[in-house]
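You will see two complexes here that share chain A, one where it goes with chain B and one where it goes with chain C.
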Partner chain A sequence: MGLKRLRGSLRQVIVFSLFVVLLMAGYSAYKGFGQSIDDAQTDWPVVGSILPRTDDLTMPSVFEIIAGVFAEPRGLNEAFGSIVLREAAITLREAAVGFSVGVIVGLTIAIVLSSSQLLERALVPHVIASQTIPLIAIAPIVVIWGRKNMDFLPWEWHDWMSVSLIATYLTFFPVAINGLRGLHSPSSEALELMDSYAARRGQTLWRLRLPASLPYLFSAFKIAATASVVGAIVGEISAGVTGGLGRRILLEAQRYTTGPERLYVAVLGAAALGIFVFLCISLLEYSLVRRKGTEAIL
Partner chain B sequence: MTADPTPAVEIRPASAVEISGVTKVFNPGGTNEVLALDNIDLNVDAGDFVTLIGPSGCGKSTLLRLVAALVDSTSGTVLVNGKTADQARLDRDYSMVFQKAGLFDWRDVSRNIELPLELMGWKAADRRRRSAEMLELVKLVDFAHHHPLELSGGMAQRVAIARAMSFKPALLLMDEPFGALDEMTREHMQNELLRIWSETETTVIFVTHSISEAVFLSTKVVVMSPRPGRIAAVIDNDLGTRDDTARDTPQFFANVSAVRRVLRAGESQ
Partner chain C sequence: MRILVPLLALSLLAAACGDDDEAEPDPEPAPEATDGDDATEPEPEPAELTPVTLQLQWFTQAQFAGYYAARDLGFYNDVGLDVTILEGGVDIVPASVLDSGAADFAVSWVPRGLVPREEGANITNIAQVFQRSATLQVSFADSGINSVSDLAGRTVGNWGFGNEFELLAGLRKNGLDPQSDVTLVQQNFDMLALISGDIDAAQAMIYNEYAQVLETINPATGELYQPEDLNIIDWNDEGTAMLQDALWADADRLESDADYRDVAVRFVEASIRGWAHCRDNSDACVEIVLNNVPTLGQSHQAWQLNEISSLIWPSPLGAGVMDPDLWAQTVDVATSEGILAAAPDDGAYRTDIAEEALANLRDQGVDVVGSGFERIVVELLEGGE
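Right, the complex of A and B next:
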């Protein structure tokens, strides 16, 4: 990594931090303003009737939220932030497995559909329709199925695998759709060139269509990676499995009045997890699709 | 029945390419039916440098693609090295160079040149060696590990030629390969191509719409006329010398005029 790149990364970190500070300032400013509506309605009659009021329960202060990370919940000998981190790791595992399976399924669908126009026209609507089924409807089915009927597998089925499967349902879609576009992206001249060398179908796929798809696939991977976190969280909540960020968010929502900052911390943890997986994919892209003359967007 | 001993002499087809009675109709039966090529006969001898020249729509690119078996003829036969065009394609008897270099930008120059060799299942060490040899042929030794986006148009086209020549095919098919280059680069590339042609003894079929390019490069100029695509004339083109100096000889100007006359005659029909 050159000095120039190091400086570029440093600048990105600074801008990101500045933005976090700005977000915190904006949050605090609105919190103050929203509370003042309640205290002195006369000063802001119009605005006060449009914008929602706030109080310490709906918007705990930034300092309370930060303190919430380090505070040890009653009866526990562990900082809340570390609890969230442990649960984020559970969710990360579910999301990572769901993402990987989704990539394999999505790529397979893209390759199969790209091989024939008839198949593509006939099946793409079904792929799209699959995404209109609400996740909360299939989640319990998948979990119950997993508990009852997965004994044919050589390994023991755990509930978290069902959650992964639910995440897969969200991740295969962008990979399949973008992959299909990418596989169709080579120019007719490039395809004629491969034909003129009497390349077999598999050779054209491996040496032309797939490498040409990489930029398309990585956009899909970024969407799929963040979607896999969402899928895992929603999966945990609707499937009723134990552990994970989703369960934590549900729990903290239920006892919100006794500690609103804890829900904020848990949600921020989910956001951080999403950013983390996004960055992982970006780094992978940078190392794989680094082409001269093109900039990696991290 | 006694078995004949196999003849000791190698049977070599006299012609590199034999086209007889070839007709090509696009969208047959449709309202947009086009007669692209009408009853074409053409022989290309081994070692020839044949140029197909004519205005747009005369079917010169289609004729080239018929030889490459990238499109099928409606009727007539195309023989390459004595086999059907498609068999010749499967046997990798020819190689093609397009107007766009069409390099794969995820591969460096050297790996681009190795592409056909990879498809043919060559070992890595052999590929490396051949690619180095080809880089020498097109004088790009220092650019082996550059990426296509870092190359100028002329350099990219030289890589495309090196890629096409990598497995030393007997026949090179070129579809306006220098059409997108500026005049200076173009003349330089023409000189280079002639040098490569004489060094490798490859048969070349070259599509262009530049008269001077056709006359400078070829041993035979095939002039085509449009709608429907027909061969208007085949002009034997002997300039004596085969290098840059030929551009200023009276013979060169005379042959340019001859080709132009046939092209004009085709237009006024």
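Right, the complex of A and C next:
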């Protein structure tokens, strides 16, 4: 069983690596093709007009991007890739805190709403509406509010916590909505059985509804985890927090002309962080839900 | 009970992930890590320092070198202040942060301070640090754009979001209708569109984007682009320049709180001292900026500081003291372009604080006019390294 599993994982890794190589080959092929027809000069209908141009500024070569990972900026004894990794760790902390708070908030909302049809009808539209408010609108409010109104907390409030709150804002929604569905998922027979045991509401929640909603919750967690990374990056860009991937992306976007590969490396770092948190959740799901015979999507 | 397991595991995961970066060194050494204005711990310094927060309008770069120099060289400590510098962000409006009380002072362009002020934020400009505008319209020399009127019929890039008003006023002043005589396009915060020929003229700050072009290899020659490859339109020369970086304070607090006014004087004093230091010790000052953000390019920041210094110096009235003519020109452009509904009242700026600060500096022998200032020649390297 374990060996089978291991081989499955190995196959996953191989397929993923193959796909990365394929992607790099496709990128290079497109670039080479565009260069061979001199896309900036000819009026080829698609390449260089609808699709991006292929010059080194718009599309640095794969080798340049890889070299960008290892290049050491300005005599620092540190590769650019390692700087990005360090900044990814800062973003990960913001995202992880935002995610955790978001899960608690989302679960609370789901449990409260599932307890009453009236509440559910009245409040679900508000929960949905909350997601249509653009993050850039709330980011400055959260930052100012955090700096001014968090004195009562036993710990000192830092701006990165405001970024976590922004990440929370994106995180709680999928947890609340999926959690609500999950809590409603037990069959009426199962609920009647609990009734016949004279189980109290809390007992039904604890022993039936919550365990039954685990598969729903884990799909929500996966969405929420990647959303928390997006929220943290957007929050960093909006709120002006020192360190972090969002800041790095903005900085490299600003000086893109003089080092396009750096922006590519930073964006790839963000993508890798998203995959990493997704894997974290998947592993957790595998270790928890496996025994129930539910196959984890890994 | 089973539900506790995933929750516990989740929080462990979060903690584990959190631990990962605890071990990482902070990429930006912050000498004073105290965030916010509630320093609960007593200062180890013999004299009690007053905590002060300064909100920047953008990220750390040589544009703010004077404040970082004043902080890192202890000029603020010398006047009894413990200054925390808050970096800006894309959506952070320094004037609003200041008005909310989340910062004590703010760096903001004049129009961007005046708009919230017109909307009710009672803030006031206490020191006009930059005496000139840094905004240019840059084109390639072979495009034949030698003056504003040559922009007719061209595709002209600008950043929008309030950065375009000098351009619009300049076009009108030269008899061009921005709606019909030129094609205005929104430009990214980089110079790619100009270099790849999508636009004929690009908006650029002389201390940032203009230098970026000069840090890029010209494919025709294999060397970096040279200044003679480029034409620039300088809004200072065209008479539609608007004043940029200034220090702003809370006007209500200045009236009601004598301590705050006293802090403001000391803050401006040490800040101008920082700028004077950067004027006379540009290399050391660039190092201060790079120490704060090690991944910035050295030659790019050296270029930036040189240009920033020439926006400040010489200051015939003394650095930080408002030039009434430039103020009038800024207000004129702002009202004619509809940025402001009406000219602001007299409380929009005051010079008493800056003058008091300068008097103190003169007593200490600091040159606050910089009449002898001359730009140095900064050699830009590829990528601004």
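The definition used in the following text is that the second predicted complex is superposed on the first by the 277 of 298 C-alpha atoms of A that agree within 3 Å, B and C clash if a C-alpha of one lies under 4 Å from a C-alpha of the other, contacts with A are read in each partner's own complex, and residues count from 1 in each chain.
Rule of thumb we're sticking to: a residue touches a chain if its C-beta (ideal position, glycine included) is under 8 Å from a C-beta of that chain, and two chains touch if they have at least 3 such contacts.
Only a predicted model underlies this, so the values are computations on that prediction, with no experimental measurement involved.
Enquirer: If you tally the residues of chain A touched by each partner, is the higher count for chain B or for chain C?
Expert: Between chain B and chain C, C touches the greater number of residues in chain A.
Enquirer: A:114 contacts which: chain B (first), chain C (second), both, neither?
Expert: neither
Enquirer: Given the touch rule stated above, what does A:198 touch, chain B (first), chain C (second), both, or neither?
Expert: A:198 contacts chain B only, not chain C.
Enquirer: Taking the superposition as given, does A:284 touch the first partner, chain B, the second, chain C, both, or neither?
Expert: Only chain C; A:284 stays clear of chain B.
Enquirer: Tell me which partner A:83 touches in the superposition: chain B (first), chain C (second), both or neither.
Expert: In the superposed model, A:83 contacts chain C only, not chain B.
Enquirer: Does the superposition put A:190 against chain B (first), chain C (second), both, or neither?
Expert: Only chain B is touched by A:190; chain C is not.
Enquirer: Is A:214 touching anything from chain B or chain C once the two structures are fitted on A? First, second, both or neither.
Expert: After superposition on chain A, A:214 lies in contact with both partners, chain B and chain C.
Enquirer: With the two structures laid over each other on chain A, which partner does A:92 touch: chain B (first), chain C (second), both, or neither?
Expert: After superposing on A, A:92 lies in contact with chain C but is clear of chain B.
Enquirer: Considering only the contact definition stated at the top, list the common interface residues of chain A for chain B and chain C.
Expert: On chain A, the overlap between the chain B and chain C contacts is residues 211, 214.
Enquirer: Quick check: in the complex, which residue numbers of chain C touch chain A?
Expert: So the residues of chain C touching chain A come out as 1-3, 5-7, 9-11, 13-14, 17-18, 20-21, 24-28, 30, 34-36, 38, 56, 59-60, 86-93, 96-97, 100-103, 188-192, 195-197, 208, 212-213, 215-216, 290, 294-295, 297-298, 300, 382-385.
Enquirer: In the complex of these two chains, what residues of chain A are touching chain B?
Expert: Contacts found on chain A: 187, 189-190, 192-199, 203, 207-208, 211-212, 214, 289, 291-294.
Enquirer: Sort out for me which residues of chain A touch chain C in the complex.
Expert: 40, 53, 55, 57-58, 73-74, 76, 80, 83, 86-87, 89-90, 92-93, 96-97, 99-100, 103, 136, 139-140, 143-144, 147-148, 151, 156-159, 206, 210-211, 214, 217, 221, 236-243, 247, 250-251, 253-259, 280, 284, 287-288
Enquirer: Under the stated contact criterion, what part of chain B meets chain A in this complex?
Expert: So the residues of chain B in touch with chain A come to 65, 68, 70, 89-92, 94-96, 98, 100, 102, 104-106, 115-116, 118-120, 146-147, 149-150, 173.
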